[in-house]
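Here the chain labels run A, B, C, D and E in written order, and each chain numbers its own residues starting at 1.
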């Protein structure tokens, strides 16, 4: 199989395969579950197969000439890195869903949308054309809308609508920005745009509009409020949305568009970190007062996304590599947190941390996994989160905006406080609810796996960080 | 004084006729009178067509238009009358204010 | 070979800790594994000691290389840590035998050893941070497995130390940036520019907080009550002092070259002096064995910081010597407290008394270590304190006075502690108390022995351990070993000790009991109110920090909710209002619709005429 | 032969009404066949039209161009679908037959309308389609339908009178009513008040017919009160052909783009886009919401047309086509819901997606297409309209258009929430999927939406952009 | 042309127009619908005369027969169909209100004055050419499409009658 075929399959198999799932589901549920996981694993395997070639400096491209330019898919190090992260966490989440979702109706729709979502994510990652990017961008929005409203009670659907509207608002603004890019650069294709924009920074209006889209997707101030509200979704979905994949779309798009392809006017290298700083601080502070478990973790996500933005936007190789690494580490750890929260929620039917307590007695694996993921998010070695946080802060410390970095240091303090508060309130102390035993083995294994991945990410930091730094160098044009 | 000044008054009268019809169309509350008002406007337009033909010298064309117009007009009036009568059978009144069930 | 040994120093404890984790359900096997680990570690440490070596393995491209450096200082720290680890493991065998989570305790103990060795050997700042912060996990875990409810203290510890570690992370990032390298031994920064100074300050926060100085100290007394006692002897008393002061010394000696008279030096000394006084004042009024010791653990750090902060050779030597001495006598003190706790089941001083007869060996150990901490000659504490006094006096009388006052209060509080625990009447409940088992006594006696040895024969530590660290040129030819002291200082010390004794008798006389010996200070006008406030946690940086964080949280919560209101309330509301407005125009009335249409046509014609 | 498209319906009506009983049963197949023939014909000539060689015609309807053929295709599709809906919802057989005859006539009217190149003939066919629609709207003789029909009739009559007056004025000016002659005469006196009045009257009439705000008073009532099949036909195509198509055609071929016409189209387009969406947002009657949505979408078409650039016009026509597809689909869905539950009040519905999966999914696709969510067809047309606006320098209108798509999504999400995507409401437990007569056309239309959407990047160069090739 | 003749023509036209306007006013203002319908018929007749005078005989005939005749019949039958049968219905019946029309003269005045001003400017109308084609060849030739349309519209009208007037069972 040629490399571009593999890349195409990574995108096409889950996107179109997902459409089969409801049909299969009508016949046999377990086959459907297996197929869903298989589809995601195909993406994962394909991404893994692409590592070798891209690390040797190859850029894999696939073009379809159309009326909108070369509708192009392209795999470079950054794309493969992101694809790997998404499909890895996605696979674990699908696996976890086997246990979590088995009690609910509309499972066919659920698997369809989750796999479609991941497939669209793959498409987005490999897209090298603004319109393709936008199409996949919206498919993820549709899928997440439907998934957030999975439980379908009126209040929940209302929140799903809100998240869709906010992200759609951002997306339409971004589309307008794309039109302006098209006007300025004369093409929808990223390579052509890159070539056309050399020496001519994008107009600030276009940057602002595209940034609105990015911020809305990655739930950054001032378009962040949909994310906590989306906590009403099933836990694997929130893990998918909040932690691993959806919110990372925004940061990935930032990297793909502004870091790789379109030069930004100088001023934005201050504005974006400042937005990220405010966002991180505000969300961390809000997390401190929040009492709903999933909302709290969602706020934490908003806050952490700020770190990623800082890494990507402040400039410099170290910060950029740190931002990329942060995507991985945060995805794994935050995914673990959400899935643990899912186990807690499903077992106790309670999301209010003030009404929980002492769960470590009966759910030790979940508790320890939660704690490990917490440590990783806080950034304590030897867990993976330590390195990414260090790299971002160290990279940013090299930049000119020390006060922004200091605000991130403050956010890091708050992170420690609010995350430990959650752990302590949920798992420690006196039990306030009827104690239930661990969740289903599938779910517990999934969270344990994510916790182990967090540890492995730290101990084997060499590999991911090598990948991230290589990707960064390619982005910065230091190596082919 | 030429043909143009000859037809000039027609223009004014057409407008006056149309104004009468339009006025009635707006102020009346009687559905049948709405149709009558439409008829009055139609008369004005018919006259205008003839005058147009007269001015441009294509009277035959204008006549052809008017004949077609009259046929269509009849059908419209019939349809309108049919609707009005059906409404009357429902409500027992011709008051146009009763036609305000669909709103918002 | 030495290179491999350095790896072993980190890897062996870690691997054996995993073994201990695997066998955590099998009490004795696990304990044996832990003992094995501690012994192996000590063997490795001894082998490493006195050698010099460096390992440099390129690891990542962004500054994190696996760089280890073995030289006199790091070897000495590793050795000291290994010694304490073995002593405490041994001590824990009986102490933890019947307790819950003993397996987890050994697992984390060995893991801590691995991290501590790594931190001591690391020559790369990021690697150092990696091991350094890694200790947070075991810190949290070891406290949390204490008595029920210990998680509160654990969280407090984690938050405080975590915050300081984040500061240090930032400092390391800055330092690395300004130095252009991450290798500590290659860093030479000057404190005259803003950037490096900022880095210095953040690094100092990390180092002193690890050592337990103000203001990141307040978890220690809480942990003392909640955590298993060997932990206290191990972490706050030994490891954290060793590492914190070790790193502080490296910052001030290697990386930044602190000069006497610079404001950074004064800052450090002030920090030290404040730490001494505040903590010892708190210690004085404690009515709990372990809590009292915990405050002293903070207070003594002040001496070390003060000593190193002087930036003069005598002070630095004194500070470093005090570090090792403190590790000795403080773990000895904690172990004695542990013996008391194990045998009597309590550490509340009001329930103790007369134990000197029942537990003579324990009392002996206590006596030696208490004298040592109070600076009674000829014990080791005396020597190091004298050196610090010497350095402090060189920099200003005020610091010397503060240190001396601290010494007075230290002596007073230990007189009180010894009096109330070991003398006086035996309480009813403790009638049948016996001496602790040998496995606990051996470490204590060893430590007490070292206290005497390092005092009487102070040439051994000073020549072998401390002075090599500074090197000849920095010592300016002095040799601080031996007994050739400034007579003035010795007299001053003796006078202060005598005053402390006097004060104790006055106190006992006034209150009528040993435990009330400090009451007259406690309830002195002015101090009384301050103590009350302190007991309520008003000065606790943790509580203050949490309050501040909550305040920030409230503000940002408001910001978040406001944005939420803008999207959910305002935008939706305005849209709904317009929607209502538009719908209210549609009254269903045909004439109105006709009006619109006619007006529209008029508008069309007007537009056409106007625009053309 | 395009002329057949007018003659065949006439013949069909005449033949089917011969006094033979069995003929009545043939009406439905005949209608479907006719629609299929028309679709095939339109698809057949489309490539040639787009390639720029108009088909030579032997009889009197002698004009085919891309715009016409696209509209013919749309008419065929919508008619095909509405015949299905008619079968599913008309009830009594006799009435179904009568309505079918009127559908024939309406289709003939629309076909004639898109094929003629003469102002007066345009009026005749326009009136034919309109009259057929009035009667169809009132066909059930229920109060709502009658009210809607009467409002439509009165305003439509006013509109045609204005157009006729304009025709008379133009006749006086040019001595002819063929597009070419009138356009010539207009160009000669483009700025005279007389000409502008004539122009204004005609445009006003067309705007009333297309239901643009503020000329739209009749539209929500007529759409929402008409029988299901009729509102499908009406919303999907009749008003689009009689109003919007005629507007596009006349502006392009006769009136020409002047700054004034551009301004006019922009202003009324913008008002329609925003106000239509706002009004739709607060509706609780499903069909009424769709009606207001129609107004809003017509606004987009106007905005695209107003740019006057090839891209904008092509986008407007494409959006017209897309609108025909997705709005028809939505009305079919509404018909299915109404038929299965007996109500259109969204507050009494809920969770139907579980009970009526095909209706639920297809409605979702149609809504996303309307709101401009990729990769459906509506996304492309909206994108092109916005892009055309932006590239023509109408930045404010572009922003407005893109902002209004948010409102579009908002009201459709509210519809989804209340009808399909929630918990199953009490009273809806026993609802079942509508029969094949409603699901089949839904699937067909949804397939067109998705297919066109996916294939568009490859079609745009060959099919879409030449639409403006006049 | 003879100016006197033209003047006479003008006068005549104005008188006829006035009659038409009066008829229209009567149509909209007469209290009873039957009378209003008859007034409309009168207007049609006058229009017929005007057409005849303006050399449009065929259109005049259609106007006379269809508009003045057929439509009046339709109207009067419609009026009779909606005649209130009972007292209650009569009470509910719509009242004609003359005062609604008090603005009409003002409107007419405004329109008249306004238009006189506009039409006072020279019109860009081409000089009249003699009518080239005959109506017959025109109707069956170039305008045959309209005839087809007429047929279709009439068919639609038939179904209108069938569907709207037929009594439902």
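Here is the rule we go by: a residue touches a chain if its C-beta (ideal position, glycine included) is under 8 Å from a C-beta of that chain, and two chains touch if they have at least 3 such contacts.
Computed from a prediction, not measured in an experiment: that's the story for all the values here.
Path length between chain B and chain D in the chain contact graph, taken as the least number of steps between touching chains: 1. Both chain A and chain D are touched by C. Chain A has the Cα centre that lies closest to the mean of all protein Cα atoms in view. Between D-E and B-E, more C-beta contact pairs join the chains of B-E. Taking the mean Cα position of each chain as its centre, C sits at the greatest distance from chain E. The distance from the centre of chain A to the centre of chain B, each centre being the mean of the chain's C-alpha atoms, comes to 66 Å. Taking each chain's centre as the mean of its C-alpha atoms, chain A lies 37 Å from chain C.
Put simply, the C-alpha centre of chain C and that of chain D have 77 angstrom between them. Centroids built from CA atoms put chain E at 104 Å from chain C. Listed for chain C are residues 583, 586, 588, 590, 594, each touching two or more other chains.
Counting only residues that touch two or more partner chains, chain D has 120, 124, 127, 131, 134-135, 138, 141, 150-151, 154, 158, 172-173, 175, 193, 220-221, 282-283, 410. Counting partner chains per residue, chain A has no residue touching two or more of them. The complete set of chain-chain contacts reads A-C, A-D, B-C, B-D, B-E, C-D, D-E.
Residues 120, 124, 127, 131, 134-135, 138, 141, 143-144, 146-151, 153-154, 157-158, 161, 164-165, 167-177, 220-221, 224-225, 282-283, 288 of chain D touch chain B in their complex. Contact residues on chain C toward chain A in their complex (touch as defined above): 59-64, 126, 129-131, 133-134, 136-137, 144, 149, 151-152, 155, 158-159, 162-163, 165-167, 169-170, 172-174, 176-177, 198, 545-546, 549-550, 552-557, 559-560, 563-564, 566-568. Within the complex, the chain A residues that touch chain C are 162, 166, 221-226, 281-289, 299, 317-318, 321-322, 375, 378-382, 386-387, 389-391, 393-394, 397-398, 402, 405-406, 409-410, 412-414, 416-417, 420-421, 424, 428-429, 461-462, 465-466, 469. Considering their complex, residues 3, 6-7, 9-10, 13-14, 17, 20-21, 24-25, 27-28, 33, 36-37, 40, 43-44, 47, 50-51, 54-56, 58-59, 62-63, 66-67, 70-71, 74-75, 78-79, 81-82, 84, 89, 92-94, 96-97, 100-101, 103-104, 107-108, 111-112, 115-116, 119, 123, 125-126, 128-135, 138-139, 143, 146-147, 149-150, 153-154, 156-157, 160-161, 163-165 of chain E touch chain B. Residues 583-584, 586-591, 594-595, 598 of chain C touch chain B in their complex.
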